[in-house]
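Listed below are the structures to be examined.
Note that chain A is present in both complexes that follow, paired respectively with chain B and with chain C.
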Partner chain A sequence: MTQWLKEKGLKDTWCNLCFLFIAIEILLSIFIMTFHKLSGTTFSVQIDLGNIGLSPFSEGHFLGTDHLGRDVLKQLFFGTKNTLFLSFMGTLLGSFVGITFGCFSGYFGDDKLKIKAAKFWIGGFLIIGLAFYAFNINTFRFSVLIDLLLPSAFLASVSLLIFLLIKSKKQIPIPFDLYVVRVVEVYSTIPPIFIIILLSSILRPSPALFIIYCVAAMWPEFFFLSRAELLKTKNQTYIDAARVIGQRNIPIVFRHIFPNMFQSLLVLFAFAFARLLVIESTLSFLGIGLPAQYPGWGKLIASFQMNTDYWWLLLFPGLLIFINVLCIQKIGRKLREN
Partner chain B sequence: MLKFISRRFVYGILIIFGVITLVFFLFHVLPGDPVTLIAGQRSDVSTRQEISRELGLNKPIENQYLFFVNDLLPISLHRDTKENQEKYDFVRLLKYENNRVFVIKWPYLRRSFQTNREVTKILLENIDDTIWLALAAMLFATIVGISLGIIASLYQNTLPDKLIMGATVLGISIPSYVLAIMMALIFGYYLSPYTNLELTGQLWEIHPLYGRQLHLKNIILPAITLGIMPLAIISQLTRNSMVDVFSKDFIKTARSKGLSKRRIIIKHCLKNALNPVLTAISGWFASLMAGAFFVEYIFDWKGIGYITIKAVQNLDYPVVMGSTIFIAIAFVLINIFADIIYAWLDPRVRLHN
Partner chain C sequence: MKSKSILSVKNLKISFPSGKEENIAVDGVSFQLRKGEILGIVGESGSGKSLTSLSILGLTPPSGKLESTEIIFDDLDIRTKLNDLNEKEFRKIRGNRISMIFQEPSSSLNPVYTCGNQVREMFTTHKKISRKEAKKRTLELFEKVNLFNSEKIYHSYPHEISGGQMQRVMIAMAMACQPAILLADEPTTALDVTIQKNILELMDEMRKEMGTSIIFISHDLGVIAEIADRVLVMYKGKIVEEGTIEEIFVRPQHPYTKGLLACRPRLDVKLNVLPTIEDFMAENESEGGERKFRSVGEALILNAETKGELIQKRMDTIKGGPLIRIKKLKKYYPIKSGVFGKIKGFLKAVDSVSFDIYPGETIGLVGESGCGKTTLGKTILKLVDSTDGTVMYDGKVINHLSEGQLRPMRKDIQIIFQDPYSSLNPKHRIGYTILEPMKIHGILKNDKERKERVYELLEKVNLKPEHFERYPHQFSGGQRQRISIARALALNPKFIVCDESVSALDVSIQAQVLNLLNQLKKEFNFTYLFISHDLSVIKFIADRILVMKDGKLVEVGYSDALFERPKHEYTRQLINAIPKSDPEDIYKIQMRKKTTETR
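And then the complex of A and B:
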């Protein structure tokens, strides 16, 4: 990996510094997490009403305290850990979902994925039945189950019988690409930050939920990019050659097509990561982000709003967000240049 | 061209329909009890039943969905009663069986849980502030961004170029809400005696003696804050495309003809360099405006973003739903116009689609 990065032009000193900064941050976060686990004590930031609003460089509190007497340096440490980890996981899982859908949708296209007609109909009925079940799960009663399952089971068995009788070998092409692209187009009308705000207005995020929201917001971009890149390389002769040898679909996609789009995906990954960092801090600034026991950059800035005399509550977290975003975007830009 | 436009519009309507479906199911499948939110924790059974009947919560979800879509359509089918007349404020078009009529009306987006006002009215009241803010910010960003980009490209690889490009990198990296707080604090508070600006304020303010008055100076700080990020992107784009154009052959020809430098820059370079920039601006307009939310929130600028964030904080679901649909419609329209502009400039796009 390091060799690869070197080849790809991380010779720039500024870029190296950025990379170093992010790496140190990630190492520190991992160190904090393991230490946290090993020591067994809770490292939560304590409220200390005796030391409210200490300015930076005072005794025991290097960067001062906030309006509840919590140490700013500690909050910054934990906040950085939380934000980096959650945004990174969100981007990683989002890219995973997006790339998977993008590759399948681009590779299979509108006519390549064929299944038997019987399977198609039975599957369709089952999906409709399950959808009804899912939407009525809040008011679930046993009678509802009977009401819904019996007709769908009846329909499924009737269709099964029909197709067994006919024994048709007709295959129906599923326009997978068409469906997925239409759905994603609807989805990507709303910008990512707004999707996350919307979801967290319905259910306030816990860390795991926040990662899910990030995935929900970020996958369309990865989907479109990977699909476009795949369509570019799909008709190359070496893909045909691989197919002639007798390779299956999935190995073709992941062994022959994926390496070609890896670099542009990495660029998008860097920018999406930077954007998620900002989104996380924005959400916690607005008070609709992670619950109060998880410190964050945005929460410090929000507590600055309560008392604007405590300038260090704006300066340090603001600077930290700024530097992080700057570094990640610098790395992304460097990757794009090559 | 007409075929292209009409197809884009039909497509846009389908997308809006999809967004409406998405929003409806998001807010109805996930947990949360709207009746408790309206009536509060302490309420008797009959009140709760009445509220759930009014919202249609006692019906199955398919009927609720049809009900919701029927409320949103401008031309829809309703029972011809006095209650409905007051609720929807419609104009009758055509009679239908069972005392039902086809009517024409504003899309009905329910009522706010907090203030019990119609969401459509709330949104329409506050949309103009957002539009003015967005236009002012975009105007500022385009003019200053393009001129900075031209300056940077003229002094390529010298000090001014490096300064401007460094500043644009900073402008892209800083989150809009941190920038907004800093701008508000520095220019609206610490330097307030010199700049004569205030921390918060509206475009139209009601004075106790003189009535409704226009305060143009209040738009300066929010517009500049909102414009910083588009400005940075636009100046980078302009600089890069200008540098590209400088190395083209027709510039050499123009120079060898003996044209003056100013004439070359204005007539030959700018015309070619600005084309990609303008299409990029129109295409990104929607996503650039996402920052307007936080800027409005911090400057207390009572636009759509301010209302939405307040509603999210207060769990005022109808307002959140309404503004989501509203914003999606706005984005779809903007994208359609961007596509049309693009197709008008570049005929190849029309043929491909």
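And then the complex of A and C:
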């Protein structure tokens, strides 16, 4: 395998080993997931109060058990699956959201997105009017008919008035970039881990919800990098050349700009992934992340607190976190060098 | 009078081993530099001229191999063999006794330090004097290189001053320690002609004052003729000719030198086709084979355009109505400040410009950098939005159309950009780059036919069909510019804006590209708007010339009339600043130089 990678141009043996390790982990996780789904048997981790605190290498429990008699090796398998899957999906979806917004914001900038003056005012008025109505709908309630008809008639008439008043065809540029960047700047001052804690305290996360929380925490980074890369590439002459030959906006972004910023995004992806791994472990250690039926590295370490004699509860998950983060960082650094 | 030799290079050979092959970049170059002399080295890019100068300073790239070389530096009565020095000993010579000026002033000054700081550093590292004293000397030096607002320049960062000023700071830096030798590697190529003239004068002054010998490297014989005493002509790593300026210009021996002399667009004769170096070099390839021209004069006479042809051409073009009509076009850039971008004022890049372009005509737009000529070109193409005024194409106003409405018209109006390195997407194969415009506009039925057409286009611009699958970084500057031309041609446009399309190329390649543009124009009846800062190029290609200054048109006229009787003072300045290539002019320059020296 390493030989094959070498021939492919990846010369660094260490990097190849890291790559191999992560690949095996992911394949194993996928295997466990599918097997688990298909067999439908109780392959899951079970509490066995008869075998509390077995040390490693004891019979039937290769890496021992914890204070509730759960098998550590099994927990590690499921934990790795959970943590890797959640962090990976979180980073992936986060990068999608961030890159989409970043590209949009960077490409349209402050003056490229234009809207007719009449549309602008009517739209603004409608949004404010509807928001007002939505907030006050509980306070005055005569009948359903009046409730619906009266405000809509009012809104329509005012819209028409605005439309008649503003005759100019002049297009108002929307400084999309300016406002979005300011908002995201403020948002990104909140640390990612805090965002996840905040959201988790509002709604106890399921795996799907947890991924959404991760996305909420990770996307600003991708937003800023993709916007910066896009602005850099946008000013290259070949983008002008693409516009001159009549290329549309979306193909310009996807076909001309994106391939040129792909590499730096890949590097960020690797580092963000590693960071999210640590964040996820921290949260499950604190007991904030997923509920107890989903094992995680952090939860194993947390159970070490129950009885500090069980050193294996600290060593093995700790080692896994360490190796995983190291591997991903190594790959990321290699990507940056190339 | 022959002064003693200060630097002698013997049998300089630099090669770059790549795999089993060995690319020889410099092959057995030997020359001598005398005290107080300006030695010009001329040659196209890749001829090894820059490498030669770098090797004198021991700065050859690590992958390069130096062989059987002897570089002897004879300074202050001490003979040093430069190629045997170690890094520490070399540092005492670099900047102190031998200094260097590079081509691009904006990238050779460090952007995070002030200009004064960087020049002062030269004094503090080499002369061991106090900071206060060093500052005083720096200010004196700035005055000497005609930076009159020296205190202000001292405290400004490189991006705050103009290109010409930056190059002056570079010269001040190079001359700080009164070096024995100054290596100038294309110091004026990135500058406008008027500023180029000032810099050349300044360098000559510095030489007289400090007795410094200068090695002046350029691809342009015209510039060399203005400043140098002796010239080396380099071609493919070898010196093919050596002599004084008069010898080279009046009696060039080697065909390559003749080609170089002839391919530069001239101010005195209007040519149909520019002679290229290939026209002269053909004989070398096959013994006794045909070569087009034997001497420079022959090339000029055979190619000259007659007056009758010219007048007939003009009558033909005016017959139809104008193709492009520009009326009071304005482009103002707002100057913003604050968090939410409040507008403070406007920068008037294009200010009320009006002119017509007739079908089949080539309009030359000339002006210094920063005069708004590129912005004007981009405004016509709606790459930047105009502030006010109209651009009419074929009777329709196009600058108020939305992007979608304009799209079908895009195929009629094309542009060829200045920088061949950034105008092609590095991640696309060049075949796709040329094919893409046809795909967008639905020209031809399917990709197979389009691919055939790309092969045709590649051949038309003298490239090979097998180049289809390659990426832009595998091509040279001239080849890339031809790819850009092929991309523009793919849409069968009617009107092409050439934005400094040949400025980044060597003189010899410039001639080829200009010829190609002219030949295509004849074949397809294009209309060009040719933007350039180089009046001699404009003179060759343009029928009518617009002169632009600070966003305004200051003079419009037919090219011959404009050159013979320039009305505006600025036009006159521009014309005077062009390096001459006439033997008579060169003789005058050389005489003037000699008389001022003896005085």
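For this structure, a couple of remarks:
The criterion applied here is as follows: the second predicted complex is superposed on the first by the 288 of 338 C-alpha atoms of A that agree within 3 Å, B and C clash if a C-alpha of one lies under 4 Å from a C-alpha of the other, contacts with A are read in each partner's own complex, and residues count from 1 in each chain.
The criterion applied here is as follows: a residue touches a chain if its C-beta (ideal position, glycine included) is under 8 Å from a C-beta of that chain, and two chains touch if they have at least 3 such contacts.
None of these values were measured; they are calculated from a predicted model.
Under the clash rule set out above, the superposition-derived model of chain A with chain B and chain C shows the two partners fitting side by side.
If you stand at the C-alpha centre of chain A, chain B and chain C are 90 degrees apart, rounded to the nearest 10. Looking at the shared chain after the overlay, A:G287 reaches chain B, while chain C stays out of its contact range. Chain A is touched at more residues by one of its partners, and among chain B and chain C that partner is B. Within the superposed three-chain model, A:Q236 lies in touch with chain C and out of touch with chain B [touch as defined at top]. By the touch criterion stated above, A:V278 is placed in contact with chain B alone, chain C being left untouched. Look at A:Y187: by the touch rule set out above, it reaches chain B but stays clear of chain C. Once the two complexes are laid over each other on the shared chain, residue contacts for A:P259 go to chain C alone; chain B is not touched. After superposing the two complexes on chain A, the shortest C-alpha to C-alpha distance between chain B and chain C comes to 5 Å.
Residues 182 of chain A lie at the contact with chain B in one complex and at the contact with chain C in the other. Across the complex, chain C meets chain A through its residues 339-341, 378, 381, 383, 385, 403, 407-408, 410-411, 413-415, 417-419, 422-428, 436-437, 440-441, 484, 487, 490-491.
Across the complex, chain B meets chain A through its residues 15, 18-19, 22-23, 25-32, 60-61, 169-170, 172-175, 177-178, 181-182, 185, 189, 286-287, 290, 293-294, 297, 308-309, 311-313, 315, 317, 320, 324, 327-328, 331-332, 335. Residues of chain A that touch chain C in their complex: 110-111, 175, 178, 182, 236-238, 240-249, 256, 259-260.
Interface residues of chain A facing chain B in the complex, by the touch rule stated above, are 134-136, 138, 182-183, 185-187, 189-191, 193-194, 197-203, 274, 278, 281-282, 285-288, 301, 304-305, 308, 314, 318, 321-322, 325-326, 329-330.
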